[in-house]
């Protein structure tokens, strides 16, 4: 095991984990606050990635795709919340599962109708298409560093927003105890709208950031949906901090597993999840567990 | 969840007789279609034991279907169906025991996610490792139709009829088993758990154990459905284990109505029928499926069964 | 002998101590009421005894057995029955079916799992007896959801009784009842205490003082005073800490 290789894999793992955090934080907040299971959350990631593909395909730089994904995601999230999800907060799990399963099918069909079923690569922005020497004999992709930086920035802003603003503390209260919203006399409809729009925007941003690393392909959201579920189970539901540490852990285990134990790498995160369920069924970072 | 009364069972028996007579009038293509619906009905019925009876919405149920199907691939070729069918059920049940022991430590939303994740783990086992024979699937030898030493050799053109009868027999048996089960103390306890698990524990029911037994039984029955599918197609692939497949079974349950044990059978026939009808209009099956689900959850929350009320 | 005995029970939630060093014993034929202002830890105490919560410290004995680590269902099988503050029933099923489901719990050994419920005479008989005892026999065939609020509370108690418990934990059985229905439940409580060890958590002071043999007053998770109703009524500490507020 050589040091530069290990360092690169560790950085890859952290970066993978931070992308997972962008996806799973929305998933966990949407469930925590509204009690809704959004299986289509992975499809939103896919939409973000294809948005980056379309934006760069038109000759525009990738960094334009990031705000486009955030804004487009927020808008799409708001429309979905008002148009569909709001009616499903009190319905049982089966209805929610099927609603969001239908959305997966429809998003994938829309993608197929508009852009076809081929794999496409998305170029790394020319400005960042080089490697940064970290130590002697070890250099790391500048774009990956940029992804790390953007994710950390977004995560930092999110924690600040949740900790320091009135709306943020309302969201936190709602995620921990949904009945708090009414007790505190908060405007539940606004909180729901904001949480859903934010979750959608983050998932699409993650997709746009990941596009140059992964290339874009049909059903790419599926794998990310499931791994995000693993993150939420491991981290503990409704807790953004849990999603953060869970995502880093899963990102590292998944990446290092694929690098050093390729035969069983597909299974490593599930084994970890099984262990967590046996040891602390409420999640590693759940409060009071 | 209710079990149909005497009149309902009479109607179902008549429908079963009608299906059994199909080979007299229908083409082989339509017999195969009917077989597909029967297998789907067995699968959906096995899931109804969890969802409708026990209130456990599992998203990983297709994994047990797939394991039942892959049992045919894993066992030596040429065995009697009397051996392979119980083996398929046993393997699927054993997998359900492992998954259930973990997933049932959680409830509700967590249960959904953990069953989905473990189901997907089993999908990867057959997709990525040599055990499954490749991600594109693999052809299998059909188990022999052998009864007490007599091998029934079915000519190729009669095979769809034979498979139809076999699958019909399996469906009737699975339905009868579950209908009887719902009338036992165990069935009552499961129904109580769906209504209020905490209350049941306070009454002295070991709800964890009851749910695990239901989970294993449902998995074994799904394995029987998977075995029937492998029998029909002489082919298995990892997609059989994919969670989308399990979600389709949930759709059948919702289509047929959650409230009755026989709902998923209606739902399976409606689902297969709708799929077939939609091929006349468009090749985009998933578009149709998505729109149908959307229409059902928005307009028919009680399923097709709710239409009459 | 004491049926149920708790020793030094303590339960902390994070920095908050909901129940602090509470000892308590319930004897057969005795109705032991726990009173105290809201947030005194009464419900937490009931949940500790029933097994819904694990104590942070302390022990619980049922007869001679230490049951501190037993899960809820095992305690219920060993003879601890409880009613809930909120009514928890199968609403679409009949009153009788609800009681029978409770009675089936007691005979639900794995070898009887596959017995047809319609032919199992024992739970049917027990369910009938339990409904008789609370006076709901005439309502047996109605859907549980159609009962009045007071009748639902009675059905709650009947379900607890159908499991044939030695100990009954009753969490606010009179909550939300009118005076007439309250009277009916109070009379029932008196009768139940003859052949059970009863723990009653209740806000209606008139009823509590009328039916209880022993009273425990809790404030801030601690036992403030314990004794027969007359002594509690006379206690200055109780009056200051609690009865004063309530009036």
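Each chain carries a letter (A, B and C) given by its place in the written order, and its residues are counted from 1.
Just so we're on the same page, a residue touches a chain if its C-beta (ideal position, glycine included) is under 8 Å from a C-beta of that chain, and two chains touch if they have at least 3 such contacts.
Predicted, not measured: the structure shown is a model, and the values here were computed from it.
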{"item": "Chains most often in contact, by C-beta pairs", "value": "A-B"}
{"item": "Innermost chain, taking as reference the mean of every protein Cα atom displayed", "value": "B"}
{"item": "Between subunit C and subunit B, distance of the C-alpha-averaged centres to the nearest whole Å", "value": "43"}
{"item": "Inter-centroid spacing, subunit C versus subunit A (mean Cα positions, whole Å)", "value": "47"}
{"item": "Interchain centroid distance [CA atoms averaged], subunit A/subunit B, Å", "value": "32"}
{"item": "Subunit B residues within the subunit A interface of the complex", "value": "51, 57, 59, 102-103, 105-106, 108-110, 112-114, 116-118, 120-121, 124-125, 128-129, 243-244, 247, 250-251, 253-254, 258, 284, 286-287, 289-291, 293-294, 296-298, 301"}
{"item": "Subunit C - residues contacting subunit B, complex", "value": "50, 52, 71-74, 76-77, 82, 84, 88-91, 100-102, 104-108, 112-118, 120, 159, 163"}
{"item": "Residue ranges of subunit A touching subunit B (in the complex, touch as defined)", "value": "31, 35, 37, 87-88, 91-95, 97-99, 101-106, 108-109, 112-113, 226, 229-230, 232-233, 237, 263, 266-267, 270, 273-274, 277-278, 281"}
{"item": "Contacting residues of subunit B [partner subunit C, same complex]", "value": "181, 183-189, 191-192, 195-196, 198-207, 213"}
